[in-house]
Amino acid sequence: MSLIEVQTSEIVKKQIGYKWRAYTGVFTSLVVIQLLGLLFSLNGSGSMGSGRTVYDVNITYYTADIVVGFTIFWGFLTAFLLTTKAYREDDFAFVTNRKTSTLSTIVFLFMICVIGALTALLSGFALKLIAYFILPGEEMLLTQGVGNVSAWLLGMFATIIIVFMFSSLGYLAGMIVQLNKMLVIVMPVVVVGLMILLSRGGFQIQVYFFEFFFEENNAWLFTLKTLSATTIFYALSVLVSNRLEVKQ
Amino acid sequence: MIVVAFMPILILLAVIIALSLLIKKSSRFGFGRGKAGLWMLISYSVLLVVSAVIFLAIPLGSIELKGQEKEEKEEQKSQQFYEAVQEGKLDEIEEWRIHEWSFPFDKEQLILQVLENDVNGINIFVERTDDLTETVEAFYYQTPLMINGYEVEEKYMPAVSMVMTTLSIYPGEKLNLKYKMFGSEFPFRLFDKENGSMWGDTTVSHWNGTALYIRVPEGLDVVGDQNAYTEVNPS
Amino acid sequence: MKAIKCKDLNKRFYRKNALNDLSFSIEENKIVGVIGRNGAGKTTLLKIIAGLLKEKSGVIEVYGRRPFNNLFVSANTIYIDDAMNFPTALTLKEILEEGKRFYHHWDHDLALRLFDYFGFNPSQHHNELSKGKESTFNMIVGLASRSPLTIFDEPTTGMDAAVRKDFYRALLKDYLAHPRTILLSTHHLEEMEDLLEEVLVIHEGSLKLQMSMDDLKEYGVGLTGKKDVVEPFLKEKEILWKKEQALDTCYAVIKNDLTDHEYQRMKEAGVQVSPVKANDLCIYLTESRNEKGSVDDVFDRSADV
């Protein structure tokens, strides 16, 4: 048999296709988690009551925020699971090395994050449709539609990169846990402990984290911050994964 | 609402269900099997797209809310309203008249009976006028309730009735207004703080004015709790 | 070019040495058996060759390149063991199709014919298979991949005798038609004697023996006779294995370098000279060096008490 030289790009492409076909199950969890989110959203994301002298006003606010939140969580969890041994070994059933395996996983994660983000945003329409026809309430007060296409595209883009960023975080966490199973317990303890310690010292890291990303009004800065964080997380997980052997 | 109280538990449950769904992979763990996931995604997406199309096709009365800046106007308006009432300038508040009553009355003494007025209060004003003889008139005025600049159309109405020499003013039925407010998801609100954070700023205006304006013939003896009504003497 | 070159290879797992200064090389296009007891380090060695594990020290080269994390080696190697991890979402047929996409020399026709022959259901899933069926399927993947270096680690686990026979035949036929380097580790050496060209015997992480199968079959010779008669012949010989039997007889295996003269003398002294099967020889060679003796001793001792 003659020896074959292969290109990294060729194998990455094949691995992406392979993962797409092999891991369609991720969509089961996506649909389930989004339907659950929808169910919760039907209760209204917020409700405001105002007992005026002669009026009792109750406004229920419907938005698919919960679905988006669940999708972010799903992105994190899916990436986390893809780092577990069984899935990494799936890669190595066929031709690969660590570089192609990681690259193809990242591309695959990006693809499913796009799908997750899109369906999450679209689910907002389904939610409002159900709320409009089925749920009680006399009148529509506000359809704060996304007025123009560019705003919609911008919001869509933001959702995609947010979900993708959390998937990178999940991937990093998963890789760290793969180093040693004990870290499954140690890591959350350290993270939460650090948060508590820092907040005692008056520095609330989680607040800072959310402010850093989600209070950013400038779309360019937001993109820059989110994508840099994503890159850093993935780069770190590649560093961690280099310490892992494939099969033991 | 009961559901709200159970929300944290439900969310926790959801997370557990999701986790177990993800982790159960027959012998190992994972995401289920076969092409089921893809088909689920496809049918779910079709559903979403269809509902989006339907939703966008519904001619929804989208009301642009004006928010806080309208609030000051409301306050002014409300003050003007009460000033006009106090001064008996009914023509100025004509546009807000909801209802009027007229009762023939030839007795010496009118008993004003106001129930539960401190709870469901409407402001009662009494004016003696020589325009009227053997008649008691009542007018109900109300400036509209504003929610973020949106005018609520439902109007409140007190129950006014005359039995013998007693004019009874009962609070009307409390109006329960339920509204649905559809907002955009938070990624859309990220860069658009002005239009985005409307929900947090939602205000139900406290400046809507109500007045039951009763006109009685000059010299009629009105008996009632002095705190329950205000006498008006238009100059 | 050598298919595999290995020099002073070491591997440690935590506190245990899995491989100790292993050195050997394997020519291209040979079928080589890797023989050893459980825990001898066969699997570790094969995984290092396949690039799945990282060596601790020493040199390992597959087609002149270090296999760990190497795309070239991965593309030209397939490693088949009984714990193959295929995605559970894919059916068996789809797994074969994935193989076709990844391996350039993949023979899909062969894969499908074997698939039919062994009676697989195309819509079955890999994790639903019984142990033997799973091994059979993995074997099909290994054969169809036609990788220049094909590694089978205990390929026959769980297979029944008939399937094992089919496997050996299929392997031999395909090898003859498409020569390539095949590494096999096995416990069933006697069944594979006709298949293997060369044998690596590994014991406790080090190389015990590397020779052609034909040489191995004649490597040892067994002597049976009265203890005091046999003993003198064993002097100056390399004793590979010795066992004292009942009635003062003993059985010893020595290296087969007897001269005709020695042979004659033994015959006269009443010592039976017998050939040693390759499989038995490997067992003798890989017997632990400590004083535990054979499993018989375990029972003898308890009988004494």
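Residue numbering begins at 1 within each chain, and the chains themselves are lettered A, B and C in the order written.
Basically, contacts are C-beta pairs under 8 Å (C-beta built on N, C-alpha and C of every residue); 3 or more make two chains touch, one makes a residue touch a chain.
Computed from a predicted structure; not experimentally measured.
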**OP:** For the chain pair with the highest number of C-beta contact pairs, give its two chain identifiers.
**Re:** A-B
Subject >> Chain nearest the overall C-alpha centroid of the shown protein atoms >> reply: A
**OP:** Express in whole angstrom the distance between the two chain centres, defined as the mean CA positions of subunit A and subunit B.
**Re:** 39
Subject >> Averaged-CA centre spacing for the pair subunit C and subunit A, given as whole angstrom >> reply: 47
**OP:** Would you mind pulling out the distance in Å between where the CA atoms of subunit B average out and where those of subunit C do?
**Re:** 85
Original post:
In subunit B, which residues are in touch with two or more of the other chains?
Top reply: 25, 28, 30-35, 37
**OP:** Indicate the residues of subunit A shared as contacts by at least two other chains.
**Re:** 23-25, 86
Original post:
Listing for subunit C: what residues touch at least two other chains?
Top reply: 89
Original post:
Can you list the subunit B residues touching subunit A in their complex?
Top reply: 1, 3-4, 7, 10-11, 14-15, 17-19, 21-23, 25, 28-38, 40-41, 44-45, 47-49, 51-52, 54-56, 58, 60-63, 65, 119-122, 145, 147-148, 150, 152, 154, 156, 171-172, 174-188, 190-193, 195, 198-199, 202, 204, 206, 208, 210
Subject >> List of subunit A residues in touch with subunit C within their complex >> reply: 1-6, 8, 11, 14, 17-18, 21-25, 86, 89-90, 92-100, 245-248
Subject >> Of all residues in subunit A, those that touch subunit B in their complex >> reply: 23-37, 40, 43, 45-48, 50, 52-65, 67-68, 70, 73-74, 77-78, 81, 84, 86-87, 115, 119-126, 128-129, 131-132, 135-147, 151-152, 154-156, 158-159, 162, 214, 216-219, 222
**OP:** In the complex, go through subunit C and note every residue touching subunit A.
**Re:** 13, 47, 51-54, 63, 69-72, 74-76, 84-87, 89-90, 94, 98-99, 101-105, 146-148, 178-180
